[in-house]
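Read through the structure below, which is laid out as C-alpha cells, and then see the notes.
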C-alpha cells in the first residue's frame, strides 16, 4: 500500500473529524477564555474577617482621627473616625492614601551606611556603632556644640527625645522647621509678651476675613476647615478671601478681594485705620489712652489711609471701606493669616497687622474669635546627666539665635568649613522644603556627617551618611499633640495597624539605642529600656486615659487670660516689610508659590494624590505656571508653550497655563512637585520644585523665613 | 445563539433576531447540502469526466 | 499571442495532464483504500484521546495536606455551623482557621497518623492549614451564604453534597488552564449532572434562581 | 514554472516576476503581522487610542472596508436576483474583492478587541438589542456566503477542475448561486445597516444620533444604501487598477459602463437621502439637544465645515453627476475620477461617523479630543491591504476570473 | 428582579452640592482605594487615566477679576435611559451583555470577566465615565497587600466603571439577611466617596424612598423620570434623556447652566418661563 498524497489527506481529515466530535476543541475554547479571566498575574486579594481599628493620621498638623478597615488583620482601607473632634468622619486625600505610604517603593528597608557615594545595607548594630563613633569623635575633639539636630516641631515625646539627646551630647543647636504656628507664637510674644498657642474658633464665627490663607486648601487642620466651609450656608458664616489669585478658597468665598501680592498687611492696617477713625472697635478690649495704641492708631489712619492703601494694594477706597464695615457689623468676626497651607512661617508684620484687627474686634479668647491657648504638654522628663564635654559644649553660643533652619543653612553656606560637623534629621526634609533648595542641598553636602531618621529615601536622606530608618506612622505607637490652629487641646495616641514591614525601628527606639551606643552620661540620661516604656513614663499624668481611649481631649481649652501688654510698636517702622527679592527692571513679573490641597509639602505625595493632579498643573514631567491671558498676549505666549522661568535664585523650563483667575503680571506655580526620588517613579522626577526658584527672606523681627514670592522673568525656550 | 445560553429568553427580540439567523443558516446549509448531494450523484454517475 | 505559441503552450500542458491521469488510473483502487484507512485510524485515535485522555490531562489531582474526618467531627461537635459559622456582620467564616481547631487540638487527640501530622506540622508551628477548598468560586463571584442559608432556608447538602458524612477527603481536582475546582466545573465533561451538587457553574445557579425567584437576577447580585 | 495552474489560454508574467511582486507585498504583510502580534501580546497600549477614543483608526478601517466591499452583495444581487446577466463578467472580481474586504474586517475586529480569546462571547452571550451584535452575526454569516461564492471560482482552477467531483461541485454551486446571493444580499442589507446603526443609535452623542424607523436610525438605511452605491465604484476601481497593472483589457466596456450607470443612479438617490437627513439633523435633531451645527465644526484643529462639503459634494454629487450622464460616464478619465471620488467619499463618511463622533465634546465643560494613530495601528490597517493584494494577485494568476479575457486578448 | 416589580424597586442615586465641594479630591482617592483601581507611573494624560470618580474644574469664562471656579465631581451616572426603562446609553449597546441595568437597584453593573473589550460602551457614554484597561494593572512590590477582596481586580483589555460601591450593598444585604430584615437602612449602604467627602457635599441614598435625604434634597418628579423639582438642582445633559441618577445642586446660575447645552438665548428664555411659572 503506497502512502501518497491522498492518504495524507485522509489522515488530516480523519484527525479533524475525530477532534471535532470530542469536546476538546469546545472545552479548550471555553477554558482559554476563562483563563483570561484568571490570569496568574492578576492579583486575587484573600477574603476574611472585617475589623476596624482607630488611630491618628500624622501626615500634617491636622492630626485627623482615622479608622483602618482590615481583612484578617491586613489593612485595606483608611476611613475617617466619625465623631472625632477634629474631622468627624472626613479625611483628606492624603490620609486616605496612607496605605500607599506604608508600601511606598522609596521606603528605606534597613539601616544603611554610605561609603564613597554608594549605599550599603548594614545591621542596626553596625549603623549605630558607626554613628556613635562619629558623634563620639566630635565630642572628644571638644566640639560637642557642632552637633545640630532638626525635627519638624518640638511637641511630643519623640521630638523631646531628640532634643534631650542633642542637649546631652552637649549641643544647644536643636532646631525645628518653620511653620505658621511658630510665626504666630513669636508675633503674640512680640505684641503681648506671653507664650501662647494660637487657635481660631472658626466654627462659631460669622465672618472669616482670610488674608491669603488656603482656608479650604490645607491651611491649619484641613478637614476641620472643610466642615466649617460646609456649614457656611446653614450657619451664616461669611468668608472673604484677600489674595491676588483666584484660589479654591477665593472661588468658594462670598467675596474675593484681589489685592496685589505682598500687600495683605497694608490692607489689614488700612481696615484697622478705618475702624479706628469710625470708632467701631471694641472699646472694652482696648484702653484708648494707652500711648502705644495712640501711636498705632495715628499710623494706621495716616500711613495706611484708604487712599494711600488703594494705591499700594490695588483695591479701591470704597471696597476697603466696605470691608471695614463688614468686619465691624459682624457679631463674631475673625481675621486669619498664614499663606496657603501655612507650611512656611510668614512675615511677623502681616501676622501682627491681622492680630491687631482681631484685637480691635475684641474677639481675643472670645467664642468664634482668636484664642490664645495654654497647652500644657503633660510630660514628665527625668533629669539628665551632662559630662564635662557636654556642659562645656552646651555653654557655647547657639549657631543661630532665632530657631530657624534657613539661617542655619545660610551660616553653613557662608563659612568655608561648615560649623556644623554632625547633623541629625528627623521628620524633616530641608533639602526639598526650604526656600532656595539648591543652596540648602549644597550646604548639607558640606556637613561632614549626616544621620537621617527618615522612613523614605527623600532628598535630604539621599545626602546622609547613615540612615536609621523609622517605622511609618501606621506602624507606630506614639503620642501626637495637636499643633494646628484649631481651638482644641488634644493629645492622641497612634496605634500600630500592622507589624513593621521592614527592618526599621520606632524613632524613639533609634534615639535610645544611639544613646546606649554612646555609653557614659549620654546613655545614663535615657533610663528606659524601650520607647514604649519611655512613652508610658513621660506621659504618666495622662497615660491611663491615653492608652484606654486613644486620645485625651481637654474640655474646656485653658486660655491665657493674663495679657501684660498690647504693644503694636513693631508695626510703626517699615523695617519688617517683606518685599519680593529681585529688581523690577530685569524681573518684570512676580512668581508666587501656590499650595494645592492635592499635593503635599514635606514628604512626597502618594501615587493616588499625584493621579488627581490636573493636567494643567503637571503634564508628563513638565510643571505649569499660571499666567493671565493678557500678560501672555503681551509676551506672545499661548497655552502649553514651553518657556524658561528665571528668578534671582534659579531658573527652570516650564509650560504656560492660561488662567483668567490670576492677576496680570503675577505667575503662580504649584508647591509639592519636583521630588527627586529614583525608587518612586510615581512622584519622583515630575515637575519643578518651586522652592528651587524662590529664595528665603529673613523676617526682621522673628528671623523666620517670610518670603511670599520672588520677582521673575520668562522667555521662550 | 442556543436556548442553553445564559442570555437566552423567549421574547420578541430573541425570536426575531435568532429566528432570522437560524433561518439564514438553514437556507445556506440546505443549499450547500443540496449542492454536495447532487455533486456526489453526478460524480458517481460518472458525469463530470469529460473536460469541456 | 500567436497561434504557434498557443499550440505549443497547450501541447506541453496536455502531455503533462495525460501523464497525471494515467497514474491515477493505475493505482485507483488501492489509493482510495489507503486514504480511507488513514482516515479511520486518525479518527479513532483522536476520538478516543478526546474523550478519555483529554479530561484526565485537563484536571490535575492534588491531595489535601492531611485527611480530615468530617463524620467524626459532626458527631462530636454537632451540625455544620459549629465550625462553619456566620459572623455578626452577615459574612460567612467559611473553612475554620487554626485558632478554632486549637481550642480542642492543643495537643494530639486520637492516634490517627493525620492527627500527628496536623499537630506537628501546623498546630505547633502555628501555620495555617493550606486546605484546598472544593467549592471555591473564582474571584469574580460574590456568593452570600446568609442570603441562601438564612434568607432562603437552604440546607448545605444541596450545594456541598454529603461532605458532612465523609470520613476521608477526596483528591482535589483542579482544571490546569482555568484553576477552577472540578466540583465547580462538573464531573461529567458533557455536562449532565445527577444531583445538584455535582456542578456549581453560573448556569446551575441561574437555574435555581429562575425557579425560586422567577428571574436569573441582576449581574451584580452574584458578581463583584 | 507554474504554468500548469494558469487558466487555459491566459498568459501571465513569468513566475519569478510574480514571486518578487508577492515578496515585496509580503514584507509589508509581515510588518503588519508583527504589529498585530505586538497588539495581541503586549495589549492595546501599543496604540494611541484612549478612553475618549475607544473607537479609532481600526473601526474606521473596518467600516470603510465593509462599505467598499458592498460591491460584492450588490453586484450579486443585480446579477443573480435581478437577472442582469451581463454582469457575469465582473461578478467574479466583485466576489473576490468582497471576500478580501470581509476577511480583513473580521481580522481587524479580532485585533481591535481587548480580549480576543473572549471574542466568541459576542455570539454566545449576545445582547440582541445591540447593533454590534447584529454586525458580528451578519458579518460572519455573510463572510460564509462570500466563501461559498468564492469556492466555485477556486474549483475552476485548471488542475482542480480535473477532479470530477470538484468539477461537478462548482457546476452545481453555480446553479444554486442565486439562492446564496439572495441570502447574502439580505444579510448584507442588515449588517451594512447595523454598521450605520452603530453610530446612529448613540443618543448620548448628538453629533451621531439620528431618529429613525422603529429601532433603526436613519443612518442604518443610509449606510446600506451608500455601501450598495459606492461598492461597485470600488469594484470598478480595482478592475481599472488590475487592467492597468497587467496592461490587459479584461472586462468589456459595456459591462463597466452598465455597472457605472447603476452605481451612478444609486449614488444620486443616496446623496439626495443623505442631504435630507443632514438638513433634518441640522434643523431638528441637533437643536433639540442644544447643539447648533457649527458647534460640531468649530474651535478645533481639524474638523471644519469643509468635511461636510467634501463628503456630500465632492464625494456624492460630483460622482453622481458624472456617472449618470452618458457622455461623462463613457469618457474613461471622467469615469476614473468619479469612482475615485466615490470611494473617497464613502471612506470620509465612515471617518466622520466614527472619529468625529468621538472628537465632539458633549458636556459643556468637556474639550475637543484629537488623536493620531500609532505606527502599530497604521501597520495593522495596511496589513489587510497587503493581504488583499496578494490574494487578488493569486486569484488573477491561477483562477479564471475574467471570462471575457480570452475574447478580448484575441481581438487586440 | 425583573422589570415587573418596578414598584418596590430601589433607585439608588446621589446628590452633590457643588457649593460645598472644595475640589479636594478625597472622593477620587477614596474611590480608587476602595475599588482596587490601578495607577500608572505617568497619570498626566487624563484621557487614559482610570478615575471612576473624576473632579472636573469648571470656570465661568470671565476674565480677571470676575472669574469664578466650581469643582464638579463626576461618578458614573447610572443612567436609567429613555423613559427610565433601563436602556442606558451604554447598556443598550454592549454586544455581550457585560454591562446590565438592575431594575431592583437602578445600578448599571459592569462584569469584568464577561467584557471582551470592544469599547463600544465607552463611545456611547457622553459623560466619559467608562475606562479601558490599556495596561495590565501593576502595583509596586508589596502593595498588593492593600487590595480589597470585595472588588475583583481587573485585567488588561476590559472596561471598568463606578459601581456605586455595589459591594457595600452586598455586604449590607448580607447583614440584613442574617437579621431577617428585607430592607437595607439608609446609613447601611453609603458609597466610599460619600463617606470620605470631608465637606459632606455628597449625599447618597434611594431616590424612591421619601425618607432618604437624596429624595428630600432633590424631590424627583416621578412623571418625568426623576427630573429634579428643586430649582437649584440639575442633572448633567438632561436634554439627552439619559436620565442620570446623580443630581447636582448649586446656587450659582452659571454652574447650573454648565450642566447642559443650550442654543443662544435658550437659557434666558427658559429662565423667564420658570420665574413666570411657579417660583
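All chains are identified by letter, namely A, B, C, D and E, in their written order; residue positions are counted from 1 within each chain.
In this text, a residue touches a chain if its C-beta (ideal position, glycine included) is under 8 Å from a C-beta of that chain, and two chains touch if they have at least 3 such contacts.
Bear in mind the structure is a predicted one, so any value in this text is a computation, not a measurement.
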Shortest walk length in steps over touching chains, chain B through to chain E: 2
Which of A-D and A-E has more C-beta contact pairs: A-E
Most widely separated chain from chain B, with each centre as the mean of CA atoms: A
Central chain of the complex, centres being mean CA coordinates: E
Centroid spacing, where centroids are CA-atom means, of chain A and chain C in whole angstrom: 56
Whole-Å separation of chain centres (CA-atom averages), chain C against chain E: 39
Centre-of-Cα separation between chain D and chain B, whole angstrom: 26
Sites on chain E at which at least two other chains make contact: 45, 49, 97, 112-114, 136, 152-153, 157
Chain B: positions in contact with at least two other chains: 6-7
Set of chain D residues in contact with two or more other chains: 115, 118, 121, 125-127, 129, 133, 162
Chain E partner contacts - residues on chain C that touch it in the complex: 86, 88-91, 138-140, 142, 144, 146-147, 150-151, 213-215, 217-221, 223-224
Residues of chain A defined as touching chain E within the complex: 34, 36-37, 39, 41-48, 71, 74-80, 87, 89-93, 96-97, 99-100, 102-105, 216-217, 222-223, 226-227, 229-230, 233, 246, 248, 251-252, 256, 258, 501, 597-598, 606-615, 618-620, 628-630, 659-664, 681-682
Residues of chain E that touch chain C when the two form their complex: 1-2, 100, 102-105, 107, 109, 111-114, 150-153, 163, 166-167, 169-171, 173-180
Residues of chain A defined as touching chain C within the complex: 1-4, 6-15, 17-19, 21-24, 27-28, 31-32, 34-35, 37-38, 42, 44, 47, 49-50
Complex contacts: residues of chain D adjacent to chain B: 123-129, 133-134, 137, 141, 144-145, 148, 161-162, 164-165, 167-169, 171-173, 176, 179-180, 183, 186-187, 190
